[in-house]
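Each of the two complexes below includes chain A, the first together with chain B, the second together with chain C.
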Partner chain A sequence: MSLKVRDLRVYYRTLAGDVKALDGADFELADGEITGLVGESGSGKSTLGKSLIKLDGRMRYVSGTVELDGAELPVRDSARMNDFRFREVSLIPQYAMSAMNPTRKVGRMIADLLESRGERFRALRPELVRRLELVGLGEQVLGRYPIELSGGMKQRTVMVLSTLLDPSLLIADEVTSALDVSNQRAVAETLAGFRDRGFVKSMIFVTHDVALVNQIADTITVMYAGRLAEKGPAKTVVNSPRHPYTRMLISALPEVGVSHGERRLSGIPGSPPALLDPPAGCRFRDRCPLAFDKCEQEPPFAEVEPDHSVACWKA
Partner chain B sequence: MLKLDRVSKVYRVGSFGGEQLRAVGDVSFEVRPGQVVSLIGESGSGKSTIGKMVLRTSRITSGTISFDGADISRYRRTGELKEYYRRVQGVFQDPFSSYNPVFKADRVFEMIRTEYFAAVPAAEWRAKLDAALRTVRLDPAQVLGKYPHQLSGGQLQRLLIARALLLDIELLVADEIISMLDASTRIDVLNLLADLKERGLGILFITHDLSLGNYVSDQTVILRGGSVVERGATRRVFANPLHPYTRRLLSSVPQLHKTWAEVDAELRARDAGAERRCAYHERLPDGGPDPLAAVDEDHHVACFALDGAPCPDAARTPVG
Partner chain C sequence: MRRYFGRKLFVYALTFFIAMTVNWIIPRFMPGDPVQSRLARASLQSPEASAAMQAYYERLFGLDVPLWQQYLNFWASLARGDLGISIWLFPQPVGDIILGAVPYSLALLLPAILLSWVVGNWFGAYAARNRWLDNTVLPVGYVLTATPYMWLALLLAWGLGIVAGLFPVGGAYSFALTPSATPEFVGSLLQHWFLPFLSLFLVALGGWAIGMRNMIIYELESDYSNYLEALGAPRRLVRRYAFRNAMLPQLTGLALQLGTLVAGSLLTEIVFSYPGLGYLILQAIRNQDFFLLQGAFMFIVVGVLIANFIIDIVYVLVDPRTRIQMQGGAA
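Moving on to the complex of A and B:
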């Protein structure tokens, strides 16, 4: 097991009280596993990704443990996390376009970053250039300013930089959302290639696009209102989902070749609960067509078949 | 109803506007009543610029846009333009920035009332408003009197569509209206567009997502770099994509039940044995004034050569 997360809870502090954005996540990632973490806005998927890297000022660690390659990952202690960030856990942010320092040439910026981590730029340069060439960029990007690169080039540069020290866990947070379809495909396939080449051991690919992540992920993890709803092999989750939310979500996706005249799809009525004071029990209850009395108790995130867990009493 | 005839838009860029940037070039298509036309393209394809020109928020450089036979760029006096906006309205991508957060969301309706329906008595207006809200499947009690932050993106977007419907519009320009919405509410807005179309509304549906375009539209226009590369009945364009760019787009769209590799293999299998020649120059070896050639009933395609490169299948290199 490369990553083991147990009962992780991270809340946002607000004047009105704690917003329970991540309220108990339990899951594991196998070596070499890419999981697609999908959910709607406000489901807590980005909070989960971020809490494995760095808790920002508004985030409050409440409980839970994270284990990476058998050793504890001190997610609650930002200072101790410094030894892990970039080396063991790394992030590709959503807006890679603005992740680079505009006043430095790309090479200089990378050198600064590496040296701040006690690495020698000179020693790593050949590997850096080799990997830039792998994603179709030449050595000359190192001599350019970020403004001289296109959005796609910046995205690829950041991808190479984030994985340069071969981290064990990579979190890709909505990296394809701002890109055109042809670039989306290139970025997703490049990331899968990084895993195949062993640049990263396992990956959490945070996205709202199930169809996209299904192209590269081994497993899909579905979040709803701060909790995990379902996790299983990608094919199983897409073709025979067990959680009613996953089922409704997948049947709401228009596919190429489907037109409303032939087959009318329907959305999920209602909206997710406010996480400031979430209702007890199953959080999907109000929107769920299968809800019954037992749903007033919180369903456990339990395995329904090997490697397939669902948080639903009816699964 | 709406007709674009060889419309171009050139921006002046660079210092002192010395350079020219062609955002839209030679685009022609039509939107008929009760028809959804999807305008599909990636960023920089000029799709939003076309929407803006139809809404008269951006001037055209050459060509004509006509609505029911009248050239819309000739509207000069405020009265004429106001009358145009009574019949043509737009809804845009980001519902959160379309509202002023300081005011309640239903202020958008009040503005319509003072502008167009000042003489309508309160009770009658209220009935009209309720009817418009019910059409977009919103409960008036739930959405009226609320601030934008109290409503979801899907609700805000539907309010804007309701606002457009108050005006008895005939054409709606929908520019990426669902790309900011969550998957579970997206489809409801798409179905709403399909219902409005049944009632005779013409919709110009601008998107970068082929599967969304395919779901709602009757006609598809594929844009690249400001020009139309392929155009026709949605069924034909999707079942038999001809232009290499259309095929590339289709092969990049992630599909739920097919991997990218499978889609690639399918496209290759369809071409097996056949040499892919430029369909445009097959029909018009010498080219012609129209950048598109008809390859089938209601299916038009541009020259396969892209980015100004000469087409190897052209009989003569075009002059200029």
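Moving on to the complex of A and C:
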């Protein structure tokens, strides 16, 4: 197991009180595993991704432990966490297009960053160039300013930079949301390629896009209202989901080769509960067609078969 | 590169032409006639003597030809570097009078503008990361920027000059001395220089500090700062990048501010009777001295244009985005 997350809770501080965006996440990631973390907006998937590398100013760590390769990750202590960032845990941000300082040449910025982390840019440069060429960029990118690069080039540069120190865990936070469909596929495949070449050991691929995740991920993790709903092998989750939310989510997607002329795709009626003061018990209860009395109690995120966990009493 | 600066220079030349034309027109619209007032001062008895004198002055100042010819003559003599003869300090040439005043204005303005810019940016950058400093610098900054020049200058003159008696409140040096390179004279110069300098410095300081503080906070919240922090870059590197990028709007601000500070020095020089360009302008208006007014305005216009041109060059050096636009590349 490269990553072990136990009961991780991270809330957002607001004037009205704590918003329980991540309320008890329990999961593991195997060596070499890519998990697609899916869920609707506000389900806590980005919060989970961010809390594994850097809590932003509004986030408050409440409880939980994170273990990476047998060592505890001090997610609550930003200063101690600094040693792990980039080397052990790295991030490809949602805003890859604007992630680089506009007034610094790309190479200079990378050199500044590496030197400030105690790495020798000179020593790493050949590897950096090799990896840039791997994603179809030349060495000349290093002599350019970010505005001289296209959006896709910036994205690939950031992908190479983020994984340059071969981190154990890579968090890709909605990296495809700003791209067109063909680029989405290319980016996802490049990231899977990074895993195959050993640039990263395991990866959390945060996205809305179940179809894309199905193509590159080994497992799919579904979040709902701040909690994990289901995690299992990608095929299993897509073809025979056990959680009612996952089932409805999958059935809301169009399928290749199926005409939707006569049949409207079904959505999920209702909306997720407010996370400022969420109801007790299962959070999907109000929208769930299978809900019964026991759903007043919170269902545990339990393994229903090997490597397949579901948080539902009826699973 | 050449095209970029060529275009800039053309715009500057056009600005110069229009500004100088306006400078030429405005004094001539002022009520009153400088020649008549000179005659009145001479209080001649006989009308013939008066008429002869009027003709003499009008020919001397070039006022005996139609307006359009006066305008052409103005550009022609400007091209020869001749700014005319002062009416107020007759018969001194305007060029000499202005050259005598310019050092005083520059000695006042340049240190005040540049020091307030440097110190203000420095304070603002620190205030952005220090709550205690933020809570003191910001209110003081707001009070300083909101204070009218005139009032602050009067307050300083009254408080430090008259009540405390620490500094003299008028002139550029003591009237008991004649200009010379003695320590006594230099000391007197500095003593007289300090209060007008301080008033200009203080008024500009607050604005720079507030601007820089806001820019730094904005840059520290920007995507590239977040990304660097997520990759564990030390605070120092992130701050360095943020500071550098926050300086760009401040540079533009400096260029814009130069123009208004020249006007600001006018009030300062009047309050402290400091014999710079501003003081000359006041006297020129009072005495309907067309030529002195034109000359003083020309120096201000040229000063603002040169300052802007320097900032243009500096901007090209510090911001790669301007360089790329210059080469015609896509932004």
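The criterion applied here is as follows: the second predicted complex is superposed on the first by the 309 of 315 C-alpha atoms of A that agree within 3 Å, B and C clash if a C-alpha of one lies under 4 Å from a C-alpha of the other, contacts with A are read in each partner's own complex, and residues count from 1 in each chain.
Assume a residue touches a chain if its C-beta (ideal position, glycine included) is under 8 Å from a C-beta of that chain, and two chains touch if they have at least 3 such contacts.
None of these values were measured; they are calculated from a predicted model.
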Ask   = For the three-chain model obtained by superposing on chain A, do chain B and chain C clash or fit?
value = fit
Query = Touching A:E296, do we find chain B (first), chain C (second), both, or neither?
reply = neither
Message = After the superposition on A, what does A:D112 contact: first (chain B), second (chain C), both or neither?
response = second
Query = Is A:D209 touching the first partner chain B, the second partner chain C, both, or neither of them?
reply = first
Inquiry  = Contacts for A:P93 in the overlay, against chain B (first) and chain C (second): which applies, first, second, both or neither?
reply    = second
Task = Could you tell me if A:R264 is touching chain B, chain C, both of them or neither one (first, second, both, neither)?
result = first
Inquiry  = Quick check for you: in the superposed arrangement, does A:Y145 touch first (chain B), second (chain C), both or neither?
reply    = second
Request  = Please work out whether A:E127 is in contact with chain B alone, chain C alone, both, or neither, and reply first, second, both or neither.
outcome  = neither
Note = Smallest inter-chain Cα gap (chain B/chain C, superposed on A) in whole Å equals 8
Remark   = chain A positions within both the chain B interface and the chain C interface are none
Chain B - residues contacting chain A, complex = 42-43, 152-154, 182-188, 190-191, 194, 208-212, 214-216, 234-235, 238, 248-250, 252-257, 259-260
List of chain A residues in touch with chain C within their complex = 53-54, 56, 81-87, 90-91, 93, 95, 98-105, 112-113, 116-117, 145, 147-148, 158, 161-162
Task = Over in the complex, which chain C residues touch chain A? Could you list them?
result = 222-224, 226-234, 236-237, 241, 244-245, 248, 318-321, 324, 329, 331
Key: Residues of chain A touching chain B in the complex   = 40-41, 180-182, 184-185, 188-189, 208-212, 214-215, 238-239, 248-250, 252-260, 264-268, 271
